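You will see subunit A twice below: alongside subunit B first, and alongside subunit C after that.
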Partner chain A sequence: MNNIFAVAGVVIKELYRRKDFYVLFIVTILICVMMASVNIYNDAHIVRYLKEICLLLIWICSLVVAVTTTARQIPAERENRTLLPLLAKPLTRVQLIVGKFLGCWLACGLTLVCFYIFFGALSASREHQWPLMNYFQAAMLHWFMLGIVVAMALLGSLVFAAPSSNSTICFVIIGGILFAARHLDQVALTLREPLRTVVYSLYFAIPHLELFDLRDLVIHNWPLIEWKYFGLALLYALFYMGVFLVAACQVFRRKAVN
Partner chain B sequence: MTAILRTEKLRVEYRSREMRQATKVALQGLDLEVHAGEVFGFLGPNGAGKTTTMNVLLGFVPPTSGAAYLFGIDVRQPIARQRIGYLPELTYYYKFLTAEELLRFYAKIFGLSRSEADRRIPELLKLVELEHAAKRPIKSYSKGMQQRAGLAQALINNPDLLVLDEPTSGLDPLGRMKVREIIQRLKNEGKTVFFSSHELGEVESVCDRVAIIHQGELKAVGRVADVTGNHASLEKAFLQIIGYQMQPVS
Partner chain C sequence: MSSSRTFWLLALALLVVCFGTAAHLEPQFQAWQGSRSSGDIFNVVLGDSRRMFANSFYVKADEYYHSGYYPTMFDDNAAFQTTHMAADTGAVNSKNTGDEHGFLGPTRNWIDAFGRHFFPNRHTHLDEGGPDDDLGGSDNVREILPWLKLSADLDPDNVQTYTVTAFWLRQRMHNVAEADAVLHEGLRNCPGSCDILFELGRLYYESYHDTDRARNVWEAAAKQWEKKYPELNQDQQKDSRLIMEQITTHLAKLEEDHDNLPKAIEWLEKAKEVSGTPEVLQQDIDRVKYKLMQEVNPLLKPLY
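Up next is the complex of A and B:
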């Protein structure tokens, strides 16, 4: 485990020493503070729009951080040749992959903590309440969703050599899942066999990232989701993380590193 | 003498990505032994199979046939790498880390305790003359400083065997001299050093034994004086062994 944590530690250091996160965080703050400073519609419920914009920005920024940070990990190790001294040490390839995954996922977690604290402060400044458990559920599910994204991007980084192509493909897949995955079953009903089975299979095979989106719950201050469903969602995320990680380890095990 | 590094009929073939091209044989039946406490120079022209040999020894590339052992352990087992240090050619270490952090990271991978790392890291930084730059990010280092940081990471576990792939490649004369001095010091400490180089003068000055490889085949192996033989220098002997014909200058 020491090796895994050592690798993860370097990934986290990389995140907070690079400018990407700070730029995204500052841009989010600026946009939200600017929106908050003007009461455009003279509407008492304007805070909901503000919350919606803020959460949307948080979702976009967190996905950008997760995908770009993960996509460059292994390609950068190859390009800079740091993979060689690393694997020449008693570190297995599985440990390296798990360490990279853990580092990226924890880094995303730290990013989310910063973003959600800002969101909580912004929201409390208008609503004068702090529904901590709602925020907890939303942030936890968001973080676990990012775990799936990180594992998927890590697998992609072993298949596609260039981080840019991997990032683009990941964004297209994530966007596709978030916007269209929930409708795939209905689409399947309109199709003939064998296409219907194919689309149905796709519907059940892909990770439904949209399930982790609790933005409406936070925006409209809806009651908490039941803890058993919350727990099931976390297990669902862990399952997909495991699937992508096992696939990544298999791909990496066969790859020549010279 | 104990063979710390041993290869037996090592053969490596690379399948070409293009269908029409035949399989490329990078190593053909390489038999090599490096003994404890010696500095062993591994020579050959570009594409001769030096880096491939190192890649097999470090477990990066599986041999097509034959076997390789470090300390008597098959190189395919990660434990074989516990007592070695490796410096690859032209590596750009994590730019966002300082040399001290870089060494601490590698120390953790070797399972060194915090107190052991606290003792070892300043020692190594002093050895490679980077103590003044220990807290500076590696991105601000010159090429020579980066190479010395690389040498320090290769020594973090106090290895019994050092594998150095062209350690002076791309360095200026001062940088080369510093690396050479470090190798000499390691030799005096009784470490075994296995290194590849194109700097034959440097090899002549620090190596106990050398091997010359060409097109994946071992052409000569022995003490520097024996390999040089009647030639004026190791360079002349090297050129003759690889079959290079000197053209008369008109």
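Up next is the complex of A and C:
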């Protein structure tokens, strides 16, 4: 376990040494502050458009951080020729994969903490209320969704040749899932066999990342979701993280590292 | 030393040439007919596609009106053909059919059933309190305004954006001055629009209690409608009758409130010609006629 945390620690250090997060965070703040300064019919209490823009930027930035950070982990180790010395020490391949995953996931968690504190401050400045539990649910589900993304990108980094191709494919898949996965079963019904069965199977097989998107509930001040469904969603995410990690370990175990 | 001086002199010469060329070209560019720099950033960046974006933002405002509970392109949107925020102003012909509460239909599978806990799943309107059902929070309808403003900026020719914005600004936000400004901006962009003139008349009558201006504006609206009606196709004519009915019934009400009963009857007769429910208006006409008779002969009793 110590080995796993050591690898994860290195990944987290890498995140705060790189400028990606800082740039994205500052750009988010600048855009939100600029949008907040727009005068809309002299009404200073209008806030939901601002919450929507801020949450959209948080989602985009967190996905960029998650995918790009994860996609370069293993290829960078190989390129710098540090992979072999790492594995020569008492560190198994599974520990390396799990360590990298944990590091990237925790790093995403840290970025989310910064983003959601800013979001909370921004909305409180106009709404004069702080629904902490709603923000907690939204941030927690967001973080678990990023866990699936990180595990998927880690698997991709072992399958695809370069980090750029892996990142692109991950973004296309994530975008597709977030946009259309909820309606894939309806789309399947309009298709002919055998495509119908393929699409319908895909609907049940893919991780439904859109389940973790509580933006509309937060923006429009809907009540909390029931905790049992919240817990089930976390278990659902853990299941898919497990699936992708096991697949990544299997691929890495058979992969030549030299 | 010499090369450095030469470099700076060359740089200065280039700067002078650049400035001179720019100063020479600028007036020609401003006079050029093909220039797209009209000062409107949306026009330059988006071109004609801005109307499409304007419509998206208009629909977005309606989505906010429902606190996020809104059909996607995959759902049954028969109950959302006309935006509810526009239909609730009373000046738009609603084409909505079907169940607005249950466009999601019965749950299709376990993922669908589970997923419905994670997005807005109940039909509410912001002016009725939104998700909290708290009527005290009906001024939250202000949240639709940014999207309506953006829509109006992108497509200044869409009349409905101005009337809907002005209605909610006046009714729920009690911001009459801004509503007035929005309607005047609408009139500048869509001169002679009977919808905008009607809404402006309502503002004068209901908010400013300025009867004369309201009468003038509504009469102008009626004239504009009569002028434009023959140019419309059959469907458009059918849609536009509601606004004429609204204009004429409001004018009739105004005249009745000021005891100008023959004029009120005249407007009600006009309303009857375009109304989908002429029998209701006939009852109104009979009532006002009876009132008029009472003024002439107070002993007269109604025949019904």
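Everything below uses one rule, namely that the second predicted complex is superposed on the first by the 252 of 258 C-alpha atoms of A that agree within 3 Å, B and C clash if a C-alpha of one lies under 4 Å from a C-alpha of the other, contacts with A are read in each partner's own complex, and residues count from 1 in each chain.
Criterion: a contact is a pair of C-beta atoms (placed from the backbone, for glycine too) under 8 Å apart; a residue touches a chain by one contact, two chains touch by 3 or more.
Note that the coordinates shown come from a computational prediction; the quantities given were computed from them, not determined experimentally.
Three-chain overlay on subunit A, with subunit B and subunit C fitting side by side and no clash. In the superposition on chain A, A:R182 makes contact with subunit C only, while subunit B stays out of contact range.
Contact with subunit C, but none with subunit B, is seen for A:H208 once the two complexes are overlaid on the shared chain.
Set side by side, subunit B and subunit C differ in how many residues of subunit A they touch, and the one touching more is C. In the superposition on chain A, A:I219 makes contact with subunit C only, not with subunit B.
With subunit A as the corner point and C-alpha centres for all three chains, the angle toward subunit B and subunit C works out to 150 degrees, nearest 10.
By the touch criterion defined above, A:P85 lies against subunit B but remains apart from subunit C after alignment on the C-alpha atoms of chain A. Judged by the touch definition given at the top, the superposed model places A:R48 against subunit C, while subunit B stays out of reach. By the touch criterion stated above, A:L232 is placed in contact with subunit C alone, subunit B being left untouched.
For the overlaid pair of complexes, the smallest distance between C-alpha atoms of subunit B and those of subunit C rounds to 34 Å. Taken in their complex, subunit A has these residues touching subunit B: 2-3, 5-7, 9-10, 13-14, 17-18, 80-82, 84-92, 256-258.
Interface residues of subunit C facing subunit A in the complex, by the touch rule stated above, are 64, 67-68, 72, 74, 108-109, 111-112, 114-115, 117-120, 130-132, 142-143, 145-147, 149, 169, 173, 175, 178, 182. Within the complex formed with subunit A, the residues of subunit B that make contact are 51-52, 55, 58-61, 78-79, 81-82, 84, 86-94, 96-97, 101, 105-106, 108-111, 150, 153-154, 157, 163. Those residues of subunit A whose C-beta lies close enough to touch subunit C in the complex are 38, 40-43, 45-49, 141, 182-183, 185-187, 203-204, 208, 210-214, 216-217, 219-223, 225-226, 229, 232-233.
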